[in-house]
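Some structures to go through are shown next.
One chain, chain A, links the two complexes that follow: it is found with chain B in the first and with chain C in the second.
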Partner chain A sequence: MMGNNRRKLSMVGLALVVTLLAAACSSNKNSGTTNQGGAGTAQKGGVYRTALSDFGFTGGFDPTGEYLGLAWDMFSTMARTLVSYKFVAGADGNKLNPDLATDLPTPTDNGLTYTFKLKPNLKFSPPVNRAITSKDIEYAFERINAKPLVAQYGFYYYGVIKGMDGNATAPAPISGIETPNDSTIVFHLTKPTGDFLYRLALPATAPVPQEVGKCATKAGDYGRYIISSGPYMFQGLDKLTVSSCAAIKPVAGFDPTKKMYLVRNPNWDAASDSLRHAYVDGIKIDVDSNVDDIFNKVQSGALDGSLGDQPPKTILRQYLTDQNKKKYLHVDSGDRTWYVFLNTTTPPFDDLHVRKAANYVMDKAAIAQAWGGSTSGQVATHIMPPTVLSDQLGADFDPYGSPDHTGDVAKAMAEMKQSKYDTNKDGKCDAPACRGLVMVNRNVAPWTDTEPVVVTSLAKIGIQVKPRELARGAAYQTTQTIKNQIPVGLNAGWGKDYPDAFSFAGSIFSSADLVATGNPNYAMIGTTPAQVKDFGIKVPPGWVAPTVDSDIDNCQKIPATDPTRVTCWAALDKKLMNEIVPWVPYLWANVTTLTAPSVTHYEFDQFSAEPSLVNIAVNNKEKLGS
Partner chain B sequence: MWRYILRRLMWVIVVLLVITLITFVIFFVMPSVDPAVAFAGRQPTPEIVAEVKRQFGLDHPVWEQYLLFVRHLFLGDRYGWPGLGFSFASRSAIKPELFSRFLITAQLAVGAALVWLSIGIPIGVASAVRRRSLLDRAAMAFALFFVSMPVFLLGLLALWLLWFKWHLTPGTGYISVGTNFGSWLGHMILPWFVLAMLFAAFYARMTRGNLIETMAQDYIRTARVKGLPEWKVILKHGLRASLTPVVTMFGMDLGSLFGTAVVTESVFNLQGMGQWAIISVFAGDIPTVLAVVSVTAVAIALCNLIVDVLYAYLDPRVRYS
Partner chain C sequence: MTQPALTEEQTEPRLQPPSGPVIAARSPWQLFRSRFMQDRIAVAGAVTIALLVVLALAAPLFKLVVHRGPNDLFGSTMLTKDLGLPKGPNGRFWFGGDTVGRDVFLRTIYGLRTSLTVAIIATGLASLIGVVLGMIAGFRGGVVDTGISRLVDIVLSLPILLFAIGISSVCSTSPNGCLHGLLQPGLSLVIGIIVLFTWPQMARIVRGQVLSLREREFVEAAYSLGARPSRIMLRELLPNVVAPIVVYTSLIIPANILFEAYLSFLGVGVPQSTPSWGRMLADASSGQLFTYAWWMLACPGAFLLVTTLSFNLVGDGLRDALSPER
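Let's turn to the complex of A and B:
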């Protein structure tokens, strides 16, 4: 009896295992939508369905303050600016075009005055339903200037536009902005600012109707009911009551913890907007904390594409190796550089030869492999990604090149021999300052995978580092606090704010960028003796900070429309790599997006470095009610 | 009995204060990241950080921040009562969001509880009554398997098989009852079962063990001798007595689910309190973390109170006087 029972149990167990194995080995068929393949021309209609693990907004999605690239992608759907981009990939996607303005003006008064005329038939979405005027654009700048509204990148305008210093207690007229009539706006600058047009393409400058904006009195408030000037608006925005501030409530289509649903703005005039095709009738962005689930849904067709999250390696491998899936894998340049920073105030990195040696010895090929191979990006050979320099300086400029980017120990040691920290001239850093250096890193992959490569590479020239792994936010705060004087860090990357090299060089290599906390100039380039005293840091005797302040100022004077501006920045990049050496740049990162066959036209927005929500097309039959 | 309940409710307040104080110290006194800096953008100048601190109320001394928090919690704030403040991340009041997420978590918790009670107790009873039979062995194998299986792995496996491969269930996400009852049920069944299996396994083992012990008691023999049907002997006399520890565990388990079903909520993308708490921890959204911790503490304390009151009905020997 007992034997019979045991046998029965075994048979049941075996049947169960066989069933599970059979299911696991069977192929998956797509479900859900009617998919007609990824080929074919773009067509109007359908709803683009996507998901991400977390919006990650730091400014409540208020255009005045929100400083997140992903948010800027979403703003492209609802916040038109005087000038903007085509929201396409590559160099063309980094070129400025008129958007609300009729054309790109050339500055007058020796580069101090910019005059814009607005296109006709520009209208705000419901419930405001009126023409967009120059005063609405001026009001956006008033909001940037108001301290309580915390314009996180207000520094691009303070001290640049006359009358803007970021200290206003509430939105108020700005002396440097004139609106002689409803369709003209004039900016008066304090100094020639060659990239001013690029700064006017940032979402904070999008028009805001004052009758609604005045109700948003603190940072982030306006983000819940943005009145659209673009082809899309929040679902439910037409039902918003704006008769009084008390009546205004967050709209149903946007919950920063759950979703963002966008429907067509009935007041958007397609004839006035050559930059946005707006193929789809709606956009559904859901928050899904399970990243694997997001990509499973893309594979199954329940979602049309990914957004913001990188695909897990197992799924990425499927798309790389399966010829049928490869066409749905999109890899685009992210206009971002990942790097190891070298703090020039701390030994041994105060010595230029040591910094050069670190560049020679670094095994960048191994780092790129740790990041996921060629899809993750291209080995970086200098500071600024080629696309930011309009491809004027590519990967062929490689001052510390080595065979296959694996590092050149011989050249590194030859460089190190010239350093004062190589006391016996054996090509290795042997002074006490070369040992026990704290290296801050993030505590997640791929940074943790990169760490052993960096540690080993530096060890070849006698530099011994002690890695300290921290969560992303903690890593940044630690390295951005100047007083900590972190000598070397692996946690940081830098992406452009706009496709002008000032958003690289000017933001992170000038003495004006140095602040006691929140400092992005990790290498401390341009530090003045007064700043050394103010920050309370110790520097080696006789230390003088390398500086490129005058180079930055010179390039800044050249207008954005002058092609020599890019040449100037390219020259600065060369100087930074040859004479200053603040970093070991190792990767120009890509952005990887997976789409479903329902996407008939995929486009990448080079400005925000995300899929272009305004130029993507699908063939699903989904609908999104208003 | 009423005095007992009142006394216990007073202790709920004490527990709430202790737990919120500990949470406050962890997140406000020992943070790895200054929350003001985390929400000041990628170039947080001192001016921006100072303004963010002011708007978030972080410019007060820590002890003052805690007292303000307690005051708002009990007396309400500009968003109503209880005063849970606003989320640093969404810049909106926490209360309405917490309420909507509480409902989702409650649906998950209560549904899973019903499932695990419906599965665990009958299996435990059957197993105890038919000891050493094939049924008993199968039941204990079931229990061992699901006790050992991590919830996240079970959830991911279930999703992969039942949705991705076999298309038997809808995918992840939450559809409200009001939108479509069928879709709601379809989306909740898998999370209910995944969450319930671990508890069902525990409850099956516990019920079996307790019932075996109870069925060996003299009064059970007496009940049989009196001629009662076997099912009455088992269910009315045996099971009732053996359920006391099960009820204890049920109260704690149900209460704790209100804040700790985070794994199930994350795997199935159910936007409940647990998932929100985790996102908020990583984002540095401290008011949200405090709010979820407070609600969870109250939920656990109240569930335990309800359980203790139920004792008096289950076991006539227990009197709260």
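Let's turn to the complex of A and C:
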């Protein structure tokens, strides 16, 4: 998600920004800096008051299409899925648990059939007030399959579940999903898909009551009156009239430009939900475009915590140096990699030696400093963050390492000497291809602070780049349009969609991911000759794209429950770094959150990589009317 | 000792008229100079500008002395270990470091070069275009005047900053710049944008002056002697509009320095490798960094203030000296 745009990306790109901003930080369980705010005991009551600079939704908050990490965090309060997470930090928060389903099924029929039983006593929030049935879940898939509703990550289901291709003109029954009774749902797949359960934990699969959902015929509409299956619901949802489609109006508690206020869903049965503690009585999220103001309010106690936005370094400094404030600073792993991409279709990066030299020479320590030092994350030494690979491949795998990560100029020059672009073999690129390379960047910190480091580092091996600083959306659009053939960019970041490496490596290095616009495969890994022709791009004579398509397919065949699956992904990461070298990865970013003393229990949701709205407790006396 | 002055004194009475003060005819230049020199504040402004120009020209010397350039990074010494916050002024880095550990002093001095380059080239080009078009419009009248005047009106009614941001962004998004690579983001684009938006005022002022001058007797006299229009424009009219041109030019220089700073502040100006005060101020204000790293705001800010103030003072002085009737 975010930052991790996928195919529908042009929209996602916009959304990204917000998430990315948010994602700029996160903790890493490795760094051990995560703090639990306030005293230990969590109690019920109060209202969690927070604010963010911009929702930045990619799909109007309609779970069917919404692809923003922050939105997925908010969905944890109102959109339960068959399986889900505990919404806690670290490895525990990346484990699947049954949620609406009674247990995690083992696939039958050679991995092609998944059967779920629903828990009893599941009920939709007001004004629907009826039991949640398997048909409501099936209806969610009908919506994903309906083209007009723009399911931005529908590719996780199309071609996977029988009968789903994303081309339906309106929600209609799907041949691969059976609902023999109200509490049973059966999925038939076209091919064994090891990570299928993770895909059933994505918010788009949460039950939607057809009597309301049928009224939302445009993408995003349903986001304004989501019928809740979780512990919270929009303020004012109970006053919604659902007797006719004409009567359905956006509810008072949610305005994407201003606020989202959530109150308790009276129909939520705590006994049916072991994943969400739902300590607070309400959640108040306001939009405040002034990020500095948000953090001032958190410091003064007018807000209970930040959400999505990253604190400026000056404020961070106060929290790091003041022992009394330190406990209100929470740093968690964002399960996200920030990187410089190298486009293999454009000289000089078509040459593996040049790409390796770029990795050797990069002063990653200086980049990490520009991002805010160790609080901002950990220097990335390979593609996938260790947390996504169950720590099987950690920072000790550092194929282009140097002392303190400051870059190894000697090795870089030695590598460059082997390149055809270094004609006089002095270790510096001297071919015209190395001059005036357009490097796309974003126009805000920390990217702007990263730029001089990258420019200086690449200059050491004779690569002269021309930085172009663009607004977030423009930067993504420019780099994601294949025809532009941007040779190098440092606006790129990718975070997991779910805790399996397929949503990481599998999504951005396969030839299937190449699309003319909104292309997340910046390095053009796996480009086929036919695609070169289709996209109308120019490639160096005799160029053959490096590819990992078969490696991805091989890993994807292994069920998620099989430990060798992670080993397979780790091996792919190694291969990418040693033989393909699509990027210079530089930071595994953290998410940093500040809270006020009113927060008695802080929790981080590892799945969305945002503060866990369903597991935070406060001791304020705030009230939020229904 | 010998006193040659005495000899002069002896001869003096013979040359002097019998009575009354000396009345020497003074050229307009002498008049202007003496009036300007009496304006202490304007002179101070001119001296400051001269110093700034010397400083800008001497920037590479500083580079030689301190053995580092404005784009060299000193992250390991000039940034804090924990958060990467810049460190303040010290013996080596007189104005401290910036967000990536660059020398703020060197960047300020090089920023001065950028500001002056942009201001002088852009103002020169804008004045040239403005004078030529204003002169033609005022002298020719008719359709030509209408055409040029409407063009002036149109350009003046454009939302300058929005347009500048737009042009700058558009030229940045395509890999080859815009107009088939003619306009590349950077110094030349910034200069182009400034010229585009500052020539109309000059054209309007010159046109107004020419409009009234062309009815004067000396122009009619030139006509009756058979002078060609080009000669009349260049030899008769132009010398008479020099005063407003000089005054107005001196006043748009500081405006253009600020314009460049605005553009760079908004991130659509010169690239990072070209130090710019606007950009430095933007870096200082991002995330309220100036509350901690005051030097990042104070140093380029003070230079920007002093530079624009000096140009404005000199401009005022020039106006007073050139048109005393006001």
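A few notes on this one:
We adopt the following convention: the second predicted complex is superposed on the first by the 589 of 626 C-alpha atoms of A that agree within 3 Å, B and C clash if a C-alpha of one lies under 4 Å from a C-alpha of the other, contacts with A are read in each partner's own complex, and residues count from 1 in each chain.
We take it that a residue touches a chain if its C-beta (ideal position, glycine included) is under 8 Å from a C-beta of that chain, and two chains touch if they have at least 3 such contacts.
Owing to the predicted nature of the structure, the values given are computational and were not obtained by experimental measurement.
When the two complexes are overlaid on their common chain A, residue A:438 makes contact with chain C while staying clear of chain B.
Once the two complexes are laid over each other on the shared chain, residue contacts for A:371 go to chain C alone; chain B is not touched. After overlaying the two complexes on the shared chain, residue contacts for A:292 are found with chain B and with chain C alike.
Judged by the touch definition given at the top, the superposed model places A:331 against neither chain B nor chain C. Once chain A of one complex is fitted onto chain A of the other, the partner contacts of A:316 are limited to chain C, with no touch recorded for chain B.
When the shared chain is aligned, chain B and chain C each come close enough to touch A:471. In the overlay built on the shared chain, the residue A:452 is in contact with chain C alone; chain B does not reach it. Legend: residue contacts after superposition of the two complexes on their common chain; A:486 is shown touching chain C, with no touch to chain B. With both complexes placed on chain A, chain A has more residues touched by B than by the other of chain B and chain C. The interface of chain A with chain B overlaps its interface with chain C at residues 292, 470-471, 474, 477. Of all residues in chain B, those touching chain A in their complex are 32-34, 37-49, 51-52, 55, 87, 89-92, 97, 133-134, 137-138, 156, 159-161, 164-167, 171-173, 265-269, 271, 275-276, 278-279, 282-284.
Those residues of chain A that touch chain B in the complex are listed here as 5, 8-9, 20, 23-24, 26, 28, 31, 54, 56-60, 62, 65, 67, 147-148, 150, 152-153, 155, 166, 218-221, 223-224, 250, 255-258, 286-290, 292-293, 296-297, 300, 302, 470-471, 473-474, 477, 480, 507, 513, 515-518, 520. Interface of chain C with chain A (complex): residues 71-73, 75-76, 79-85, 99-102, 169, 172-175, 184-185, 267, 271-273, 283, 286-289, 291-292. Residues of chain A that touch chain C in their complex: 291-292, 312-317, 320, 363, 365-366, 368-375, 406, 438, 443-445, 448-449, 451-453, 455-456, 466-471, 474, 477-478, 484-486.
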